[in-house]
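Take a look at the structures below.
Presented sequentially are two complexes of chain A, the first with chain B as partner and the second with chain C.
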Partner chain A sequence: MDKWQLGRRAALKAMLIGSATPWIISSKALASSCGDHIVRLAAIAAPDTMNPFATWSSFWPTVFTYDTLVGPEAQRHADRKGYAKEWSVSDDNLTWTFKIWPGMKWSDGHPATAKDAAFTYNFLRDSIGKPDELNVGYNNTDGMDVIESIKVVDDETLQIVTKLPSLWPVNNFNLIVPEHIWRDVSYAEARSTFRNDAPLVGTGPMIISEFQQGQFARLTPNSHFRTGKPKTAGMVFRFFDTADPIAQGLKSGDLDYGVSLTAAQWTDLSKDPAFVVGESLTPQWNYLAFNTVSGKGEGSTKALQDPAFRDAIGYAIDQKAIVDRAMRGHADPGVGLVVPMAANYYSDLSDIRRHFDLAEAGRRLDAAGYRDTNGDGIREDKEGNSFQLELITGTTSGTLEIPIAVVQLVAGWLGQIGIPVSVTQLDSGALSARTAAPANGGGGWDLLVRANWLSGSPHDLLSLGSGKLVGTTNKSQWTNDKFDKILSEIDVTIDVNKIRELLDQASRIIYMEAPYIMLCYPFVLEARRKDCFVGWGEKGIMSMEGYFPFDRLRPI
Partner chain B sequence: MSRRIGGILIRAVMTLLMVATLNFVLFRVIPGDPASLLLGGARISVTAEQIEAQRQTWGLDKPLFPDQVIDYLSATLRGDFGFSFKFRGKHVADLILERLPATIALVGLAQVIAVLCGVMLGVYAGWRRGGAVDHVTTGISLALYSTPSFWLGMLLVVVFSTALRWLPGYGASSPGVIVGSFAWLLDYLWHLALPVLAVALGLIGQYVVVARAAMSDVVTEDYMVTARAKGLTNRQMLMGHAFRNAMLPIVTLVSLNLGYVVAGAITVEAVFAWPGIGGLTVEALNARDYPLLQGIFLLLGVSIVIANLMADLIYGVLDPRVKQ
Partner chain C sequence: MSKINVLSRSRLRARAISGFLRHFIGHGGAQLGLVCLGFFLAVAAMPDTLVGPLETAITATGDFLAPPSRLHYLGTDEVGRDVLNLVVHGARISLTIALLATVISLVVGTTVGITAGYFGGLADVCLMRVTDFFFVVPSFVLALVITPVALEAMGAGGEILGFRPSLFVIIVVIGLTSWAFVARVIRSQTLSLKERTFIDRARVAGSSNTSIMLRHILPNLVPQVAANGALVVANAIYIETSLSFLGLGDPLQPSWGTLLSLAQRSGAASVGAWWYLGAPGVCVLTVSLAFVLIGNALDDTFNPRRRVIP
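== the complex of A and B ==
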């Protein structure tokens, strides 16, 4: 009898397991990417709302669903257009005319016209000066004070007139949203609580149809996309806090594409013939900043305020070693404020560039009056006091981590020229508090090693030294009237050659005064599987400023 | 008896009031400005005006005392935990309730498995102390107990997800599965397997060590010798005398651990990208999201107080001396 009962139990178990097997086998958790033609990608990202007026954290994935009017991608690549198909500017550089794609539709079938673009810009512009001004998110009023008027000429023509020559109309990153969805949203809601829940309505190639915060966004192909419905069956964009699951997901076949990889993971995947690895240039700076503040919030020695002291330390920093040893080759060596990604404007400042030479650094420190007079191996400042500098560092977000090896190298070199350094590692909150303007409780540090990611626009390229951004982007709090004047001039210049010339002038001013020593410009590391899709493009698989190449992938 | 329970309840309420007050103070003395951190993803240069605008949006421009303190305490007493900064105006209670099921599923299930396996193995090892089973069980348990659960989790991912491809290594569900369907349930359990294993293995080690020690103490007591002399069987001695007396330290450990169920398992959640309270706490801390942190820590305080309350009450049942 007992035997029979065991048999019955076994049969029941077998039935249960058997009934579950098809579900398990067909579970999407184990599904092959190739089978369903859905592109699976992952990044270190933490989007919090799909409302571009309320957040800075949702560039991915909203960039797949909404278009910018023009944006940097369309200016650099003939085959990567935004909401406008063509654009031109009048001879006086004040009137911009945009031709919207004829017959374009929103993903819900409504016509997408110049009226929607005008609505988006006017929605922002009309909020200026109001208590709920839309200045807290990706879509924001920054730079709109230059606009004189926004006019809908016809459904396919938008005209923006500026008060002064400005590249804002083509450079702004504001995402164009549909008027029929957003017209009843108040400023207060758009600025904070309106979450713009999926499914969204956009003009981009992939429409966000499901968003699970902290997990993933599911995107479906836009059947009304202006150049035709994308050939893939959709996308699943996974969000992670760390790179480990991304690398594991690629290896296990659960992901087709991963970005934000570490150097070790990238190297590991590069040896696997199933993958193609790539690295993308980014508008990111890793820099060493000096606290140049005088008075409240100043550092432990007045030497930090002396350009000769900072310049001498510049000779003790070996950017090539940082790239080779700390970044494992995945970065360009730091030079000036203009990042290599901004190829139109980049200069390596070869005629004034410092070279790594510890002896030269020592000689310059001696000449500037920072000698080791008592022979203890530590230099004294001009007041005769020995000093030890506090170097603070930390991560500002998941994608902007400073490898600790960078800090170790910098501290080591400074130690070798008689400037001992103590390192304090901080979390993002504490780091932002300590590097805030002294009026807001910040200051008291000496050296800062930090990463910054801005856009490659001429204005942002100079922002580290902007007097208006002291305590926010300008962490060294260095100011220079001539530099600020050039920055103002750039804001009202649209000629590329003239901008390049002005950027070069400003870069040289700040390089010579050395409130920052650029350490490197890191690459974003990425990898993709070879077996499921084609159309990825060549170097730099994924655009850092648009949805390329996910609008043109095709299943194999 | 009722006086004892009354005293326990009063202490619990006092503790919660202290937790609520400390929640306000503690998070604000941590350096960091939520308004600046909310602009952390900005890809353009951020102005002081933009930071100030964020401050106004989230009421951080008001004086800390009395405005913010009074707002917080009065709202908390009404059961209103306010809006999250990081999650752009979402109710804190909604956010916590969204993440709580995933955490309870992960840590709760791991606790149940660990209590059942760990206590049984520990009691058996203690009962048969010095034997082969005791040596093997104790050795493995100590190894598991001393292994960080996140490291165990990473090993499990490498073996079962990356190499063997048997189980998913991250997330709680597959995109596109209809939530609430049978397919979703299976998919969810499928995703849950490795994280639960990572948490449970460490806990099993802990329970085995404590249960074995408790049982080892009991079996050498005089009353156990007396019981054997009276002719009781092993089963009668184990269930009637040894197990009940060994329960007190085990109940303490279980109730303490149950109190932490809602806190999640931060490191394991990070390894498996599990969308639970642990990950939410880290996100809130990184963003200095005061309302969300206050809500999470109040919930944690309540759960620990309740767990301790339950332990106090169970002591009374297990050991009549406590009632007196």
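== the complex of A and C ==
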């Protein structure tokens, strides 16, 4: 009997020890994550496939594995080159010559040559006009219609000829994929079902060796990387849908780097000497859009179609208060279409800029014929109906979340000038459905607070007002022939000064007509631990557009 | 004779009520529940006199996520609003949603329960299968699916019965997803009631089915309805909180759930802003606990079988 009891007790102890062991082991591992030289990072992201032709959401982590030919990053930083080592354009601005890194290899040892780059571009270009056109993912046919020809001169030289002068050859961010892996993939597969399972084959510094959707990607250093194998032992990139686990992970030492932090977390970490915090400019717009559609899909009042009404509302929006209160200073106040990140082109439109003045907004509404005639404190539109606008909002995937305080501020100010607003928060899918073009079943909303993250390229900067993108990027569905003309002109211009001038003209047109009120251009907030690695960026700890700094990071 | 009869009937009723109240109030849990509930009802009734008008992002003056101090007894939120102000104003919205949703739930549940129990047969089978559906599918999951769809469909601005559409949708959804339990209890009680002789007497006297259900059965169901109602309120508060926490509430009218959602989205948990998460959290806990205590006490008082035999 005694023996039996002893046995039971021993079994219980064994169970206790057994259950505690993994916890102790893992907590030890947490305490010193530096030991294995693996960089641990986390972001709010939801990559769904490793196939860059099929999705927009897998920028992280595929950008560490695949290179762009040139891309925005290499043009800004001499030490962050992509697939091409050098590039030049002929005097007529039509023929671009790219010198590929000599002797470059794919991570599986195959030579990486101009043929692979030509294959990637031709793969996209040949799909144009077919039912399975590759226009749904990060690698995209957008802008390729200016290409006349793509020619492989030799293994190290690629030549792209454009029909008109265009910056597409250097500005496009299509990821170059290996021909020997992709040549048997059909367009239909590339668009959807081909998952491009890990381990991948790329030319970037870190190769994805394992991908678990909704959890993490494990990356290993590319031993064939053109400037030498990265010094770290690899990376683990974890994906979250909220910022709390990221901040907690940084504090507990579980993460070396975290991005997509909230302002409160960022401030908290900035007080801790173990961390370096940073903020980077982004090409994101947070904007207020008016539903300018008339006929099917129009809003609750015709006033939304009236530029004078929209202009008056512009005087009731205090961009500075939005930045100070809602964004806690982590944003630039909104002005026009050109984001401050595109420093070459940015203009603050100071001569035509609206200032915040509720009384002025009221005067302008009165002047435009939107008065409060029955004295109930609510203005009426020209048909005599009291205003009651519906504002819809939500976070779209791939953008920084808009703090709800932004919506509270906007709704509050409009209420103060006699235009009551109700707010509906929608999830990403419902928001896209409601804001689609009326022909696709969208419409019926009045105001929209939304964010969009494209790029700082001139073409993308004007896409909010593009007649071709009505319902997709151009949510207010405002169109203007003059604006579209400038847009097509800018696509075939490569002189920076000329582009700046055209952008300025287009910005002014859309600013005066006010289909959008730009609220702010938010910063992305990031933090890193100091204890394990060196080589991070100074201004912008991690690049938001490329593989930097994982080619040069090294353990302490 | 009849005069004496009336007198004794009213006296009987008064005695029964006072006996019930004595029993009910004597319950320790009921006392605690009533005190808590009374406090929150008072708070919800006069938020403006207690803490002034609702602070918005525009009128906010405080520092960001400042800890509790003499200026802000419960600290501030991520845009500098006073958390005490928000919690007090949130009480009205949370309680309104919970109580109205409960009314809907009780009306639907009682109607279905009585009809099924009284008529029996095919009506019973059909109604009970519908009830089973709502019983088996977790009401929160159902609400989670219905709410965004309803919001999208009814989303056009304006007010419905004095509520913003998004609040109205939440009330209706909670009401329509949490009645199954009530219907079950009411049906079983109706089954037993309709076999009693006073029902037979009413039928013989020529009362219609509707009148029997409304005038003879329903009054006898009051204990069940009241006891379950209190429990449904507690549940409704939870569902409202969860739905708002997931971002389906109205961001301009902060309920406790919306506050919890805002706190979570601003990262309050990871920066140690316990006051921002704690204040609405404790309120939700207290009010739902109060309703559960009252519900249990009512059940104990009404149900002779659960009474401790002295």
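The definition used in the following text is that the second predicted complex is superposed on the first by the 526 of 556 C-alpha atoms of A that agree within 3 Å, B and C clash if a C-alpha of one lies under 4 Å from a C-alpha of the other, contacts with A are read in each partner's own complex, and residues count from 1 in each chain.
Throughout what follows, a residue touches a chain if its C-beta (ideal position, glycine included) is under 8 Å from a C-beta of that chain, and two chains touch if they have at least 3 such contacts.
Bear in mind that the values here come from a model prediction, so they are computed numbers and not experimental data.
By the touch criterion defined above, A:D268 lies against chain C but remains apart from chain B after alignment on the C-alpha atoms of chain A. In the superposed model, A:L409 makes contact with chain C only, not with chain B.
Judged by the touch definition given at the top, the superposed model places A:W285 against neither chain B nor chain C. Contact with chain B, but none with chain C, is seen for A:F216 once the two complexes are overlaid on the shared chain. With both complexes placed on chain A, chain A has more residues touched by B than by the other of chain B and chain C.
In the superposition on chain A, A:V136 contacts chain B only, with no contact to chain C. Residue contacts after overlaying the shared chain place A:D244 against chain B and chain C alike.
By the touch criterion defined above, A:R325 lies against chain C but remains apart from chain B after alignment on the C-alpha atoms of chain A.
Shared-chain residue A:A430: touches chain B and chain C both. Within chain A, the residues touched by chain B in the first complex and by chain C in the second are 242, 244, 248, 251, 427, 430, 433-434.
By the touch criterion stated above, chain A contacts chain B in their complex at residues 20, 23-24, 27-31, 46, 48-49, 51, 54-59, 131, 133, 135-136, 140, 142, 173, 191-193, 195, 210, 212-216, 218, 236, 238, 240-242, 244-245, 248-249, 251-254, 283, 396-397, 427-430, 432-434, 436-437, 440, 453-455, 457, 459-460, 463, 466, 468-469, 471-473. Those residues of chain B whose C-beta lies close enough to touch chain A in the complex are 30-33, 36-51, 53-54, 56-58, 83, 86-90, 154, 157-158, 161-162, 165, 167-177, 182-183, 186-187, 190-191, 270-273, 275, 279-280, 282-283, 285-288. Chain C contributes residues 56-58, 60, 64-65, 78-80, 148, 151-152, 155-158, 164-166, 247-252, 262, 264-273 to its touches with chain A in the complex. Residues 242-244, 247-248, 251, 261-265, 267-268, 300, 321, 325-326, 328, 388-390, 392, 401, 403-405, 407-409, 411-413, 416, 420-427, 430, 433-434, 444-446 of chain A touch chain C in their complex.
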